[in-house]
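Working notes, beginning with the structure itself.
Chains here go by letter, A, B and C, matching the order in which they are written, and residues are numbered from 1 within each.
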């Protein structure tokens, strides 16, 4: 009972902190039909500055980090990304009214990572004075890319299998040649997705920041510009995310109820999965409590910037109302709002 | 004589201060035919950041303010907004070459408030070290909405009366049914204008800031981002306002001379009206000298962001060259340039 | 030998400093085919803020500068701008595969100045703690406009001469009237280019900043906004310049090899020319070592913002792939990357 009170009071207190308060304000604006908007070029610029900052911060920290304490959470992040998609393929993709491709696309976005949600997690931890590994930002691409690749490959395989089955029925013979070519096509597919993902604006900005942090000495501009602007730009981003979530949520009315169930429960379940992996890393390498929280936040988050266009390009047959509505309309706000939950949990499980 | 010298020297000194200097620089750029421009998305973003800042600052102050000292200037602000429109309907709207609807639309914009002019007033007072109530920003919507609603309702009623008169002449009978329906239609009209105004980007941003300031604890991001960027973004906004004023001023050549007379004298007269109401609030609740100045500035200012589109939507028959030209081309620069005048007056009347 | 080692180690060290590191990161992003981009309105805004800052800083310094120490480098800057174009007209414009107009347009851009390159030079000198005259920014228009006017006038004269020659051959008579009118047309032409250049967004922003710095007192907003944001915005601008350089470089494959040779060697040769003029000013007026470096950087740089549209408007017959590709694709990155070279040289020649 005490635990629930602790969690509830932490959550309520967090609602008043800038990060969550701006998210809720954005949702209220949209709910009241406001014509308030942040112009798209400014939105894109804010995201890029945040990603450069997260990447650069991680890069600067990696210079001092020892390899082992970095590799364990990185592998953990990739495992979490793949596991989330596999869970989605056994649950959401088999529910009533959900096509397999749509279900996998949605699970892929939920496995991928949201830069704004991660940034929100960092800002909240900073507010609370809870320390975390500086290299955390470097885990982002491991989870993000693992999830996107797994989801797209599974969806393509399912489509191919279906097409093969269709052919069999149509002309009465097994198209063995088709399945014989599959491994080669698959390798090309994975490569294509990897290249596509690395070239996406979000991952590019993050990797550029990482490279600058590791290879150059951007500390002066990092301290004088990227770090001080981080909180303010994040507050504006939260307003946009809140409005966007409300607008996207309306789209969910058009698709199966299964998506709503998934959108509400998945962030919490995925966050717990990330939490578990974080605790394992804590035991193995002394991964910090703040690090565990941020790994949970990454797992709970769903991709809102680079994910959707990647999905659209890779799986044009999937219904974007379903996957964007579920991830941006439900997944993202629930993930952001559950950050205090993971903080409360971390305090109970490992102490801070 | 001494008073005039005091005022003149204050005005001249202010011309060199950033706020007015950037406004004048913008007018010079436009006058010299420069192709200099701030891209529109950036302009919109700057306005939103300023309005969030003004709203949030007001919200944070309201938490500590006592109700009475807040209510008196708020009522005063609404009264000023309504009075300005009524003055306009008896003067401008009856002048030669001015249609009643155009006159009311113009008076409505002059009664409404300009966020940038208010921000300029705040920056100048800060520069001078003159204190003002933190909640001042919260008075904005009272004056703004009161003026817009009054102007639009009066214009609609005038149009309805005219149409009714036209019908009478056309078919020889009084259309009593039409005027009988008026009160209901009017209530719907006022509600429509209120909803429209609250949903406009400018008022939305201000209200969102207010709500964040009152209900949440955005102080950390306010102090680290919104407050420090305020002056710089305002300087850029002043450049834009100056260029815009010059460009709009050219449009005035196409309309009646009455608009030019009104555009030049109205800001000063309205400012004096606001000044008087401010002095009354000073006597009643100890409203500060800085507060009196800002109430004068709000009264002197004319809406440049949310007002024009509201007018266009509500009164499509009004001539936008007339009301936008008069308010943005003359009203706004004269209001901003007369800020030092109100400061000098306040020093003489109540001391600072 | 020691000198080469000193230069090489300075260059290598500079590669890790924010300014050059972000430029190289931008080139890498483009080379890897990234879809990363800074939206155009944000790019334009960044350039304007940097130019306002450079102009304002120069204006504030001019207030304290004595006329002679300002006039000598200003004349030097104009002489450098004109000389660069004359060199180009004797070399590039006579090479194989280069039309005279294209060659002059390219030389004009190389004589003109890049705001971002100058800003990069200032940031690097600040990093190194090397002092320079505050009024340096005011030299920009002298070199920039001198070069653009010279190039366009020479190109127009060449075209007119060709047309006259064509007419002679065509109808067998000299068109004396045409050449008789030339001086008047030329005066009009020079005036037209001057007006066009002063009205261009870049020069306008610089002049507005200069005027504000000299005539007003913008110091408070300069110190609280323009100065602190300078480095951060410059880092983002460098990313854009790097990507743009890579993209433009591809265009050079379509034009004569002569452009590549010119694009690589010209920045260094022009920089040396600026260096020489700087050293003369050093002897005459005590022009600082940092000032010599920045004069070299201006001479080495080629116009990337205001120059290309001016050229396009003035010389529509010139091939923009050639002049933009050479200047933005090769000239700009080489000029920025050679900044450390000029610093090393200045240390050797005049000491710092």
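Methods note: contacts are C-beta pairs under 8 Å (C-beta built on N, C-alpha and C of every residue); 3 or more make two chains touch, one makes a residue touch a chain.
Predicted model only: the values in this text are computed from it and were never measured.
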Item checked: Copy pair chain B, chain C: interface residue numbering same or different (half cut) -> different
Checklist line | Superposing rotation of chain A relative to chain B, computed on C-alpha atoms, to nearest 5° | finding: 120
Margin query: Counting only Cα atoms for the centres, state how far chain B is from chain C in Å.
Written below: 44
Note to self: Which positions in chain C are in touch with at least two other chains?
What the structure shows: 39-42, 229
Check: Which of the residues in chain B come into contact with chain A in the complex?
Finding: 39-42, 44-45, 48-49, 195, 198-201, 204-205, 208, 211-212, 215-218, 220-221, 224-226, 229
Checklist line | Of all residues in chain B, those that touch chain C in their complex | finding: 15-18, 21-22, 25, 28-29, 32-42, 127, 228-229, 231-233, 235-236, 239
